[in-house]
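As written, the chain order gives the labels A, B and C, with residue 1 at the start of each chain.
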């Protein structure tokens, strides 16, 4: 295979990564934007989404598409419910103090990992894709499912954008993000908004995980990389900005896909992490500015 | 006054926040030993102006000269070392430290050797005694009454042995009795330091100030002795007129 | 109580703790003797962390990199160049000093949440570097330092640091030195400035202190202490592996300090000791109760973090100080 086709393949792989990453990072970004807290357990909601998807798919008999569709609907709901429990029992009790919340969500991260390890086990397990179609390009065949992941993600991002900018729910969220105290004075139930946003953030991660689990298997430690990559995306993309998050996700996903094909993945990670840390150090105002005390 | 070299001079000093000119081409100077009051309506730029002087914020343009040195680019902590002390408008003592430790911080900064614990204690107790807080040395600052916290704030400023002490609305929230003793304290301080006083309470200003500078909308509206300011029609219109009851 | 009385009482308390640890060397059964030696080294790690987190109020999520700097700084020359324990310890300290200076210089430009994320990312870079240079570090698998290298020879003495009693005493000496250093720092003028920075940074600056320099100095002392713990760990226990650079080893000192009590001098030891036995003991218990289930220390660590943050943010000694013993440093 020549360089051109090779690059095309890398780009397609990168776009699949971008699609999943954009959804996951959007969840993190929403939570940070509206609630001003960093949810370190975000990657574990992603992992839970995949693990629950495997469990549901294994319960449903018949065509793989049935199990997958059931998982796509039920898994985010279960994960969202778990996120609500965390929000009620922990975050609200901490009054959303940024530093305490980080420490507490680290604790939640470990608890969720432990639960997955205990009830799901240490094995990696696949979910069968809902359909097996290969799209034949002139140089190579490509998984139709992967292309559908890109399309599904784009549709979900558009839907989220619509909700955020064109509906009353979005208006309430933006009002809370802008100034929680004033929002409260205008009768917006800020705590309910927080609970809803936290659950929504976790559900976005879960949906991303259900989409990816036919491609890469479900495993109790699979939340680590998405967490780090989501951080990177949120930092590069700018806080609370839907467009910035999506752009950064595409950039990081493509870079990850292309660099991993041509260079050592470890070196790529080192350079990316270092660069992002430097962005935070030298341009904190545009990225985490308001969160810094 | 012309014969005396000023302790502090600002030339063409400006600070803009976005489109708002909080401090607008201010030329200002204070002679050594003077008690200078800066007054003006809310939002006149008084706190912004002294924040520029002590280095908490950087000016948009203009220069600040202190004791013959251009300090415009000097970081805040070095200005404090050069002799400019600032006491905060909103009381900001260290609530979890004792009154002693609060004052020990500025004292240890001014002690040359820093190690002599005897000299540290003497310096701290002297500053606490001067403000009448000696008996409360071991009390956590957060447990002090509001009036005592304001005094502690002044004690911290005093302990820096400043040449220019900036008091930002020091009598805000104090009772009449506390204000009287406060006026006495500032007179005493003024014997060996220059004082820049931002104050809303007109009787306090009239009792303490040698000269008064009136700021309005970021500009110097008038400057003169208390009597001159009292007689100034412009000032009355802009400021006193609205407050004189 | 006068300041002199407090001072005497404080030093006496700490001397008693060290004396008790010394006495335990002669009475503890083998297993617990080994555990305590390890706990003392890890407590040094926690004390280094506490200096920055407890006293300056800077919550780092990346202190594993300083422990790792000491670990690899000591381990790599000992394994590949055949250096002795003394030289290895020195390079470990130097590596920690250099790294904490560089990281402090960069990361301290940020505050709050950004500081936490930046330190975590820098630490992640160090973790990944241990894999990138896998031909020297052998990554996850790690390196074993041979017994022959783990000796300390000076002034006619030749100490075998692999023998349990010598190892215990070496750990105790390091612990005692760092404990005394911490105590001296927090009782000094410098310590008072650090606490002032934690309480109100802007006010501290307006008292004429160079806040950045103070934070940088604290970061360097903190990082170097953590590196000392890492170097000692490599030398005394003979293993150098990438897992010590992982995120988990940035979280553990935070957990130990939170449990024992942030901004208390003895909290790190107490927290490390309790957490070690909690993880150790619960593992066996859970295996006995739930045979065939996959249990690990993850859940215990997670639960402990959440419970501490929710219900005991001041930790054990912090609560004791708040309620009863006010003079506790």
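Simple rule for what comes next: contacts are C-beta pairs under 8 Å (C-beta built on N, C-alpha and C of every residue); 3 or more make two chains touch, one makes a residue touch a chain.
Quick caveat: nothing in here was measured; it's all calculated off a predicted structure.
*Asks:* What chains touch chain A and also chain B?
*Replies:* C
*Asks:* Between B-C and A-C, name the chain pair that shares the greater number of C-beta pairs in contact.
*Replies:* If we tally the C-beta pairs in contact for B-C and A-C, the bigger total goes to A-C.
*Asks:* Of the chains shown, whose Cα mean is nearest the mean of all protein Cα atoms?
*Replies:* C
*Asks:* From the mean C-alpha coordinate of chain A to that of chain B, what's the distance rounded to whole Å?
*Replies:* Roughly 52 Å, centre to centre.
*Asks:* Whole-Å distance, chain B centre to chain C centre, using C-alpha means?
*Replies:* 44
*Asks:* Roughly how many whole angstrom separate the Cα centroids of chain A and chain C?
*Replies:* A distance of 34 Å separates the two centres.
*Asks:* Chain A touches which residues of chain C in the complex?
*Replies:* 59, 61, 106-107, 109-118, 121-122, 124-125, 128-129, 131-132, 251, 254, 258, 293-296, 298-299, 301-307, 309-310, 313
*Asks:* Where on chain C does chain B make contact in their complex?
*Replies:* 189, 192-193, 195-196, 199-200, 202-211
*Asks:* What does chain A use to touch chain C in their complex?
*Replies:* Result: residues 38, 90, 93-94, 98-100, 102-104, 106-115, 117-118, 121-122, 228, 231, 235, 264, 266-267, 269-270, 273-274, 276-278, 280-282, 284, 287-288, 291-293 of chain A touch chain C.
*Asks:* Of all residues in chain B, which touch chain C in the complex?
*Replies:* 54, 56, 75-78, 80-81, 85-86, 88, 92-97, 101, 104-106, 108-109, 114-115, 120, 156, 160
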